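Going in written order, the chains are labelled A, B, C and D, and every chain counts its residues from 1.
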Amino acid sequence: MNLKELYQEIILEHGQNPRNLGKTDGFNKDAKGHNPLCGDNVHVFLKLNGQKIVEGISFEGSGCAISMASASIMTDLIKGKNEDEAKEIIEDFLGMIKKNPELRSENLGDDEKTKLMCLSGVKQYPMRVKCATLSWHTLVSAFENKKELVKTEN
Amino acid sequence: MNLKELYQEIILEHGQNPRNLGKTDGFNKDAKGHNPLCGDNVHVFLKLNGQKIVEGISFEGSGCAISMASASIMTDLIKGKNEDEAKEIIEDFLGMIKKNPELRSENLGDDEKTKLMCLSGVKQYPMRVKCATLSWHTLVSAFENKKELVKTEN
Amino acid sequence: MNIDLVKKEFPIFDEKIHNNDLVYLDSANSSQKPKVVIDRINEFYTKQFSNVGRSVHYLAVAATNLYENTRTSVQRFINAKDKNEIVFTKGATEALNLVANTLGQNYLQEGDEILITELEHHSNYVPWHFLRKSKNIKINFAEINEEGEITLEEIEKKITSKTKIISVTHLSNVTGAILPIKEITELAHSKGIIVVVDGCQGAPHLKLDMQDLDCDFYAISCHKMYGPTGLGVLYGKKKWLEELPPYQGGGGMINEVKKDRISYGDLPNKYEAGTMATAQVIAFDQSIKFLESIGIDNVVKHEAELIEYGQELLKKNNSVKLIGNPKNKGGVLSFTIEGIHPHDVATILDEDGVAIRAGHHCCQILHDKLNIPASSRASVGIYNTKDDLDKLDDAINNCKKIFNLK
Amino acid sequence: MNIDLVKKEFPIFDEKIHNNDLVYLDSANSSQKPKVVIDRINEFYTKQFSNVGRSVHYLAVAATNLYENTRTSVQRFINAKDKNEIVFTKGATEALNLVANTLGQNYLQEGDEILITELEHHSNYVPWHFLRKSKNIKINFAEINEEGEITLEEIEKKITSKTKIISVTHLSNVTGAILPIKEITELAHSKGIIVVVDGCQGAPHLKLDMQDLDCDFYAISCHKMYGPTGLGVLYGKKKWLEELPPYQGGGGMINEVKKDRISYGDLPNKYEAGTMATAQVIAFDQSIKFLESIGIDNVVKHEAELIEYGQELLKKNNSVKLIGNPKNKGGVLSFTIEGIHPHDVATILDEDGVAIRAGHHCCQILHDKLNIPASSRASVGIYNTKDDLDKLDDAINNCKKIFNLK
C-alpha cells in the first residue's frame, strides 16, 4: 500500500518535529521558495565557512508533512558537508524523486541514505513531488545566494 | 420542390428588374435598413400627401433576389394606399412570412394578393426571412421618419 | 426526476478510483456531467456540426437555432427579462473580466472605489485590481464576521460617497455563506451603485431570479452547473450592455467595418466576438433541462440536507474544525484538521476514493484573514448522498489514524 | 492514414442533407470533426472528468497530465521552441485580442503605427481598432494587387519609422493568398518591428514551423483544425509572454494575492486565467495526432490538388468569376456569379447538399475594395474530394438554370 510508504513513521516524525527550524546563527547565505499551488513557503539559511563547509543550516516555513519532513531531513544531512558534497547530494536526491530508484552519492553514510530514501514514496504521487523538492531547489538557490523567489510550478 | 416556390418567375423577374428604384420625386419621409449578416442595404423613400396617401414610394439598395423582389413588390402594392391601409398590409405581410398561411387584408385586390403570396416561399428558409422583411421593416420606419438604422438581426 | 436516483445519470460513477467507488466531493471546483449532456455533445459533432450564424446552409441554420435555444433556456432558468441580456463567455472568469474591463473603459474615474469582500475568489478580485493599476481606482474589502459571513451592515459600513461598484459572490466557495444579494442591491441602487454578482457557486445551488435579485450583472460558470467546460454566461441588464463598449473585437460583433471607422452590432452579438463555443452552448441546454427536470427546489432542499448532515458529522469529529458557520449556507464544507496539513488530508482521502480539494481555493485573502495557509474542502452536488459524507468522515478518521491522532 | 480514405473517419458524412449526400465546402468557417476527437471528448467526460491543476485527487492529477500533454503536442506540431510558448485561449479571436491588448498596455505609444492588410479578417482588425481609440495609434493597410495577393514589396512600402507592429494573415480566407511570412518577419525584425500572424487558415492547411517563420505571435483556431469549438491557441515568443502583462485576471494565473498587491504566476499560467476549456484541450490532442497520422505534407499536397482542380473547373464555367488569382494559394475558392447574388447561390446549392458560405466572410474591407457586397466561398478540408468539386460545379449550373442564365 502506497500511502504507508509515503507517510512512514520517520516522515511523520520529522514533519511534526522538524529539525533545524529557525534562523541559524550568523548565516551568510539564504534564499526563499514558494509553491503557488499549495501555498507552501520555505526560507533556507546557510552558514558557509572559508573552506566552503556548511557550518550551519536551517529553514523557516510552513507546509505539509512531506515538505516539512523533506526540509528537516535535508538540513540534517547537509550540515557538515562541503559545498561540492552538498550539491552532489542535492542532485542525487532530485534524481531519486524523479526517476532513479537508488541513491548513488558517496557522500552519505548508510543510515543517511536510509533517511533520504524514506522520501522516495512521493514518486507515486506526482502532485506531491513539488512538496518534497521545494526546499532542495531553494537550497541550491541559497548556495548561490539568489534573491529571486524559487517557484516550483512547471 | 421548395426551391421552385422560393424562386418563382415573378420573384426572379422583380429581382432582376426591380420597380420603383431610385429616389421618388419630392419624397418627404425616408428610412434606411441594413442586414449585417448579408450586408444587404435598403433605403426607402415616401411621399405622403395631406390626406396621408402614399403618392410616391421608391427604394435604393442592393441585395439578393429575394430582398430586391420583396422591395419591388412592396413599393408596387403600397403606392396609392393611405397610411392606415399601408400599415395593415405591412402587418399582414409580416404575419404571413412568419406564420399565417394566408393574407387577410381587405386592402389588397386578388391579383395584388397573388403577387404578395409569391414571397411566402421564404417561410421554409429561416435564414432568408430577413432578406424578405428588411424593406418592410424599413418602410414602417419611413412612415415614422425615423433616423435610426433599421437592423434585421435578432 | 427523483433526486435520489440522480447519481445513476452520471456515467463517471461507474468508474473505480484506487479500486474504490468514487466519492466525488469536489463539485465546487467542477461538477460531473450527466449522460444527456455528454450525449448531446456527441450527437451534435456526429450529426449536426456547423458553425453558427454565418452561413445559410442547412447545417448552419440548424446549429444557429440550437445555439439560440440555449440562450432562451438560460433566460428562463435565471428569469432574465430579455433574451439579449444573456451573453456567452468562456467562463465566469471571462464574464467578470468583461464587466470590469468595460466598466473601466466607460464608467469609472480615477479615485472611484469598488467594494468587494474578503470572501471573493481571485476571479472577482484580480480583474478589479487591473483597474486599480490602470485607472487608479481604489478597492475596499467588506470584512467577514466570526461566522464567515458578510452582513448587509458590513457592506453598508464600507460604502463611501466614492463607491461606484459593489462586486460580491453569491455563495462563498469556502465558507458556503450565502450573501443577501437582493438587500445589497436595494441598498446599492438607492445610492446609485452598480452591483456585480459572482454567481459561480450561486447558479448550481440556488434558485435564481434576476428580476427579483435586481443585480446589474451576474456571472455563471457552466462547468460547475453540470455543463461542458469552456463556457460561461454573463447576465447583464440590457441598459448596461447597450451602454458599455464591446470587450473583445472580431468577427460577428460588428455592424459596419471601414478603413477609418467601425460600428458594432446589437446585443447579444456585440459581446460575442469570434467563433463561439458552439457545441458547448448547444449541450448546455441539456444541463438546464436536466436541472429543471429535477426541479431547483428539490436541488436546494437536497443539498441543504446534505450540508446539514455533513456539518453535524464533522462537528462531532474531534480534530476537525469547520471553517465558518454561516446561518445561510450552501454547497461546501471547508475544514482543517489540527496537526495534519490539508494537502496530506487530500492525498490520504483520495486513496479511499474520496475526492476533495486542498489549498486556498483561489481565496488567499480569506485564508490570510483566517490565518491558515490552506484548508480542505468537501463540496456537494445533486449526485451526492449522505453515504458519501459518511465515507468522507470515515476517510478522515483513517487519515487521523495514519497521523497517529485520535 | 491514407488521405483518400479520410472521409470515412468523419461521422457527419453518414448524414443526408435534403436527401443528398453532404458536400461540405465550408471548412474555412469551421471544419468537421473526426471520430477520434468526438470519442475523446465523450470518454473524458464519461470516465475521467475533473478540473485540472487545482486538486490533488486522482482524477485531477490525471486530467492535468492530459491537459499538459496537448500543450506538448501543439509545441511539436508548430515546432515552437518552448512548451510554455503555447497558451490556450477560447479561439483565435481571443488570441488576437490578447496580443493587441497586452501590447497596447505595455508597448505602444500614442502615434505609433500598426500595419495590417486589406485581406484581414475582422478578428485581426477590430482588436487593433480598439487601440486606435484608446491609445491614439494609427492603422495602415497594405493593399492587395490585381491577383488578390499582398506582396513583400507592398509591405515594405507601407512600413514607416513609426511602424511598431505588423499583423497579417497567413492565408487569406477569401482569396486564399498565402503571405510570405518568413520574409515579412525578416524584414520587420531588421527594423525592430513585431510580427503577429493570424494563423486561422494557415494552421489547418500549411506545415507550421514557428522557429523557421520566426514571427512573434501566431494565433490558431482549433475548431478549424478538426478540433472542438471554444478553443484556440496563441503561440508567443517566450520573451514577449514574459515581458507583457497578463490579459485576463482570475484563478490560476496568480502567484501571491494580498489586499494591496497581486503578483502573477509564471508561463503559461499567467495567460490562462480561470477554469480553462479542459475537455476541449484534452480532445484537441487527438486532432493533432490525427493530422500527424495523415502527414502534413500529404494534407498540403491533397488540398493543393483540390484547389487546382476546382480552380480549373470554375474557370471553365462561364458566369463564374473567381476572386483573386494568387500564385501561392490554399484552402478556398471564392467567386461571384454574374446576375445571381451570393445568398441566392448558397440557398440553391444547399438544396443539393452543397454547403458553402455566402457573405463578406468577416472581410468587409476586402469586399469594399473589390467593390462587391458579398461573395460565395467554397473551402476545402482533408475530407474533400474532386467529386465534391464536381458536385459544386453541377450545383452552380443548376443555380444558373433556375436564374435562367446560360
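By our rule, a residue touches a chain if its C-beta (ideal position, glycine included) is under 8 Å from a C-beta of that chain, and two chains touch if they have at least 3 such contacts.
Source: prediction; values computed, not measured.
Q: Stepping chain to touching chain, what's the minimum from chain B to chain C?
A: When the steps are counted carefully, the minimum from chain B to chain C is 1.
Q: Please compute the C-alpha centroid of chain B, do the same for chain D, then give the distance between them in whole Å.
A: Comparing mean C-alpha positions, chain D is 39 Å from chain B.
Q: With chain centres defined as C-alpha means, what is the inter-centre distance between chain C and chain D in Å?
A: The computed centroid separation for chain C versus chain D comes out at 31 Å.
Q: Hey, how far is the Cα centre of chain A from the one of chain B, in Å?
A: Taking the mean C-alpha position of each chain, the two centres sit 80 Å apart.
Q: Among the residues of chain B, pick out those that touch two or more other chains and give their numbers.
A: 37, 125, 127-128
Q: Out of chain D, which residues touch more than one other chain, so two or more?
A: 54, 56, 60, 254, 256, 343, 347, 358-359, 364
Q: Just spell out which pairs of chains touch, all of them.
A: The list of touching pairs comes to A-C, A-D, B-C, B-D, C-D.
Q: Touching residues of chain C toward chain D in the complex: what are they?
A: Contacts found on chain C: 11-12, 15, 17-18, 22, 26, 29-30, 32-33, 37-38, 41-42, 45-51, 54-60, 90-94, 96-97, 105, 121-123, 125-127, 129-130, 134, 139, 141, 221, 223, 228-231, 248-254, 256-259, 262, 273-280, 343, 346-347, 349-350, 354-359, 362, 364-365, 368.
Q: Going by the contact rule at the top, pick out the chain D residues touching chain B in the complex.
A: Within the complex, chain D touches chain B at residues 339-344, 347-348, 351, 358-360, 364, 367, 373-374, 402-404.
Q: Any idea which chain D residues touch chain A in the complex?
A: 53-54, 56, 60-61, 64-65, 84, 254-256, 265-269
Q: Applying the document's contact rule, which stretches of chain A touch chain C when the two form their complex?
A: 2-4, 6-7, 12, 16, 37-41, 62-66, 125, 127-128, 131
Q: What residues on chain A touch chain D, complex-wise?
A: 34, 36-37, 125-128, 151, 153-154
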